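Shared between the two complexes below is chain A, which pairs with chain B and chain C, respectively.
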Partner chain A sequence: MNKPNIVIVHGAICGGCDVALANSEEAISKILENIDLAYWSVAVDARLSDLKSLGKIDVAVFMGGVRTSEDEELAKWLREKSKILVAFGSCSAYGGIPGLAALTSPIELINLVKSTITTSSQYKSIIELPKLPELSTYRALPHVVNVDIVVPGCPPPIKVVNEFVNVLLKYIAGEEPIGPLVIAGSKAQCETCPRKPKDLSKLQIPSIKRIYEAKIEENRCFLEQGILCLGPVTREGCEHSCINVNMPCTGCFGPLPGFEDVGLRYIAGILALVAVEREKELMEQGLAKILDKLVDRLGVLYRYTLPRSRLYMLKLSLEGSEYAR
Partner chain B sequence: MSSEEPRVGVFVCHCGLNIAGVVDVKKVVEEAKRLPHVVHAEDYIYMCSAPGQELIKKAILEKKLNAVVVAACTPTMHYETFARAIEAVGLNRYRLEMAVIREFSSWVHADKKKATEKAIKLVKAAVVKVADNSPLEPVKSRTVRKVLVIGGGIAGITVALDIANAGIPVILVEKTPTIGGKMAMLSETFPTLDCAQCILTPKMAEVARHPLIKIYTNSEVVDVSGFVGNFKVKILQRARYVKIGDCRLCGFCERVCPVKVPSEFNRGLSDRKAIYIPFPQAIPPAYVIDKANCRHWVDGCDKCLRVCPTKAIDFNDEDKLVEEEVGVIIVATGYDLYPAERLKEYGYGLYRDVIDSLQFERILSAGGPTKGLILRPSDRKPVKRVVFIQCVGSRDINHLEYCSKICCMYTAKHALIFKERVPGGEAYVFYIDIRAAGKGYEEFIKRVQEEFQVNYIRGRVNRVYRDPKTGDMVVVGFDTLTGQLLTVKADLVVLATGLVPQLPYELASKLKIPFDKYGFVQEAHPKLRPVETVTSGVFVCGVAHGPKDIAETVAQASAAAAKAMELLYSEYIVKEPLVAVVDRDLCSGCRVCVGICPYGALELVEGKAKVNELLCEGCGACVVACPSRAIELRNYSTKQLLEMVKAVVK
Partner chain C sequence: MNLDSWEPKIVAFLCKWCSGAAAELAGVSRLLYSPNVIPIIVPCSGRVDPDLIVEAFMNGADGVIVAGCHTPSDCHYIAGNFKAFKRVYMLKKLLSDFGIEPERLKLEWVSAVESQKLKTLFDEFTFTIRKLGPLRVKIRGGSV
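Then we have the complex of A and B:
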């Protein structure tokens, strides 16, 4: 019997996901033992043409967002060709960090890059940009094609990578079908958060503080100290790698089941709580001033999920884009 | 809802021509018949009438309907009517929805075609909602048959007596050492000139001896928790240092006490001792020690203790925190006078002969600082000429924008009594308008103006100052009727100061009752629910609600008492079950909902949110806020609402 094969393909990516996969010895050894690693250009020398020449694909792992026309074509090709398509990492699953550029048009982006190239002037005239694939409308993978498995995380932690490989092995062993599956908990970070609030009964956010301003008490709920933490709107399952080192959750594990727009949830729930006790007093001084502390609004509310937000969909539909939903 | 397929009946009301005049009701019926789940639709001229209700009942039985949509007026008008009708034939009342096609369509639109389209959409939305409505049972809870009355003035006294006389125990909490409130300070009352003390003190005595009324004086409500029928209150009872039962009011202590301070009851016009009784008929009838001024805690003075024949004085008395459980709370915290010193032009606080209205009441009182003789405070010279200035603070955008309502009348009363007591005396009243709407009020004013020849001058006073030579007060004002600047010399100037509420902000927020921008308690509905607040089980009466005179206060107090008794008549409080429900499997215990809930209805139990169904008012704030989408409102689920929106915008 032939081993089933796996291909690992990249869209717009920093390379962290490859490192995350390679970093898990258990996962890599299980893959090598049971699956034929047919294509992984980072680890095994191969060209895109080699990928295209494969007769069949069992599992395709897509890392990174869909940024260029080439990415989009590849994603569609993989969907057609492979039995299981995996969105690996937050860029692929939700848009991720490169997704923060989604609201800026491709032309603006190119002009920005060109205007900030710092090559010394004497070479300027002779340097020519190589022919690049055309920038297309930025999208997360599930926005382009249907995916079977989502492996969230920026990058996915070892535990999640291992769990993902176990799921794959079960599939190979004949366990039927995987269906749309997120390798993460279905509850919020707070469920398992090791930090405890001082007031166990209710959550109060006195004001918004930026991290450099606060002397953060360890083991105490960030929100209660005025530090914005995306834990309440983010899936658990990452083992709190940020929270454990005294940094608030930034939301890489993506939205909880039932909604896609992390920012709106956060505004409706958590930001509504800011200074709720002092509402009357603050009305007079200008309640909105408190939100001035939230400097990079998109970066805080949608750090990994902007391409799946209503805001982005609104932009696309206003532009009359075919991708608007 | 349940396992069985929804069978919806749609009943479209004409409401005479109110609806049918604009909306094509026949068309609405036709369209309704085509909707999914709808097995029956018809129209009728008045659905709320007895034959209309019969129509619904008959259709339910014949067509085996299990859900009903009535397209008519708003649910506030007739939900109860139709709910009872469908209950009569065995349907659960929550399987009824109303499509508001009168207020939302026929009354507000002129275009008949579009109004009909809108009515159809509203019916569609109601049909998809009712199809998914669960049959529910009301939430029930036992009530504590006891009432807390906050404030021991005439409002609090009336409400306490009304309720206690009906056999329900009352706890009366009063901040000062005696009940009686402001009314105890008054000399006579308008327009009948009854002596205030004579009509008030019998009521105070009745409160004192009533077996069902427990009085806490020198006390304040410091915490309130719980909900209608089951409030838990904490009362801080300040130490009195005199044992109430043992004090015989002999007054020996008062005579030997070496400390003199201005009397609050006489509003600074006379002195009292550090051990004192506000006035002879005070309830409870006992002296009280004013710790802030008593020398016992400074140099160990114990003169009163040594002369007290009954050993009623106890310097070791301590503040006590008492907890009580009550079913209903009535707020009757009354008023204070607007600080007249803020109107610098009148010189109050600067000249002793410029006094406020309650000070003048004390001067007129037989038990007051001058034993009823009208003497001016500075040199106790008999007053021959007096100027009254109305609207001091009231109706003034720099001070109080509202009318304090009672000042026109009490000023007329002051002027009348003055004229009676001082033969040949002269009285001037500066006014803006005379507001004398009330039974016998206008006649009273006329009598004061004509029979007693009080000079009413329409105009405001610019300035009041003392003539350094004679020591008389000089009032400079503008008479708008003659267009002249008037200068009136007077022995005494009386300011008709406006009323301000004295319900503390902290207490209002503990009771969760809203107040308007001036601090008066906001009633639930200005016309139809005048003594209720939005927090069920909390009522308001007296000036805490808005300026009013004694007669109105008493009427309102009795209304509040009736409302409280209505609530406590049954052993149970029954409440709508349309409340929030937490899915414990989805909840991550982030506590967002607990902070957002304006009714304190959510708490964390074993790490998950839990709704107190009696406290929840079904506002839905938590549903929106919950980051995990773990909370839904019964019969207003997100799914239902989205379906309704889809039905409307399609």
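Then we have the complex of A and C:
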């Protein structure tokens, strides 16, 4: 028996992606049936040294963002060794929630931790931290190495995980990978949204409200109610798990094909529509005040995609980083 | 970068109906304005996508001007200038979130007869950018 093998490796991750993979019975049973699970530190007892001693790797699944020098080294090593490299989950594919820390420099983060952690003075001299991997510039996996499959979602829903395993089995059977394949729809969330307004071209956003300020009506478009929903700029394929429980889309499935930057697209398309009927009268009283209601700009516009935004790329290139594109 | 020989590069997006016409008038009237400004005429200021502005910065611009028709009712397309206002306003906020001075982006209303205003705008903006220096990011806390 010569089964192909799979390794599942972690970067900066919360653990949700592991649960999502394990939770999908169909997917996990197909993997176990057809592929040899060689390394998965949360499920199989193994250390990094065991991973490094593997002779060949067929499939490498990378979960989480690239945060430390160790993650980066591992990602590059996996790309060299493995035939198929998978970016699994939004952190790996787009940067994800930890990516929001990308704008804060590593030294600042470390200083914050050092200045806020308190310890009893009598132990101060005793505690010595082990040598930790160095924090580096936060990046999504596709910025560090080329990937073959991208599985978006925070965490990826069961349907997407199943689809991913099907694609994986096809690749293993001999089909050639065709560049980075994203396991998600290529249309916007709004296309299939159950709350789609009757006439999309007459969509009106009266003002911007934060979630706690509004009594959100069910079965009515969030944007019409003034709640910022990232559906118009996000890929479909998640079966609207947030929208179905009366929460707006936050964009974990990443940007639609054709553009990289969710935030700029959202400003151009949706925020320009805010109070569109009252522009003239509001201009004098301060149209800006309405826009100021969006306080946490990065958290709303770039919740999952900050490390892939063009302004972040601009920042990296101005800092002279080798990762700027 | 040698600061002595550095000259600011500025891209100006001018709408075809008002600010662009003002630029034409400035040319015909032989008004001298700062040579650092590269005017680009677009159909409407509401056409200027934030992506285009970021593209300009990525390709080496140190400052960007967006100029359109006066509010509330000069816009040839009725409400394009309001869209420009909202986009530029939000983009300025985003720029400062990312550590880039928002003063590097300026929105101004210039009508077709205000060639003198356009000249002053170009000259003053060039002066502002010259003071700010080349495009850079404020790094908080230094590097590791």
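As a convention for this text, the second predicted complex is superposed on the first by the 307 of 325 C-alpha atoms of A that agree within 3 Å, B and C clash if a C-alpha of one lies under 4 Å from a C-alpha of the other, contacts with A are read in each partner's own complex, and residues count from 1 in each chain.
By our rule, contacts are C-beta pairs under 8 Å (C-beta built on N, C-alpha and C of every residue); 3 or more make two chains touch, one makes a residue touch a chain.
This is a predicted model, so every value here is computed, not measured.
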Which partner does A:G231 contact after superposing on A: first (chain B), second (chain C), both, neither? first
Give one of first, second, both or neither to describe whether A:P197 is in contact with chain B, with chain C, with both, or with none. first
Classify the contacts of A:A268 with the two partner chains as first (chain B alone), second (chain C alone), both, or neither. both
Looking at A:M313 after the superposition, I want to know if it touches chain B, chain C, both of them or none. Which is it: first, second, both, neither? second
Is A:V276 touching anything from chain B or chain C once the two structures are fitted on A? First, second, both or neither. both
Once chain A of both complexes is superposed, is A:L135 in touch with chain B (first), chain C (second), both, or neither? second
Does the superposition put A:P106 against chain B (first), chain C (second), both, or neither? second
Pick one for A:R297: touches chain B only (first), chain C only (second), both, or neither. second
Which chain, chain B or chain C, ends up touching more residues of chain A in the combined arrangement? C
Is there a shared patch on chain A that both chain B and chain C touch, and which residues make it up? 259, 265, 268, 272, 276
Chain C-facing residues of chain A, complex: 103-108, 110-111, 134-136, 259, 261, 263-265, 267-268, 271-272, 274, 276, 279-280, 283-284, 287-288, 291, 294, 297-298, 301, 310-315, 317-319
Give the list of chain A residues in touch with chain B in this complex. 186-191, 197, 200-205, 231-233, 236, 256-259, 265-266, 268-270, 272-273, 276
Of all residues in chain C, those that touch chain A in their complex: 46, 49-51, 54-55, 57-58, 71-73, 79, 82-83, 85-87, 89-91, 93-95, 97-100, 135-137, 139-144
Once bound in the complex, which stretches of chain B touch chain A? 586-592, 594-596, 603-604, 624-629
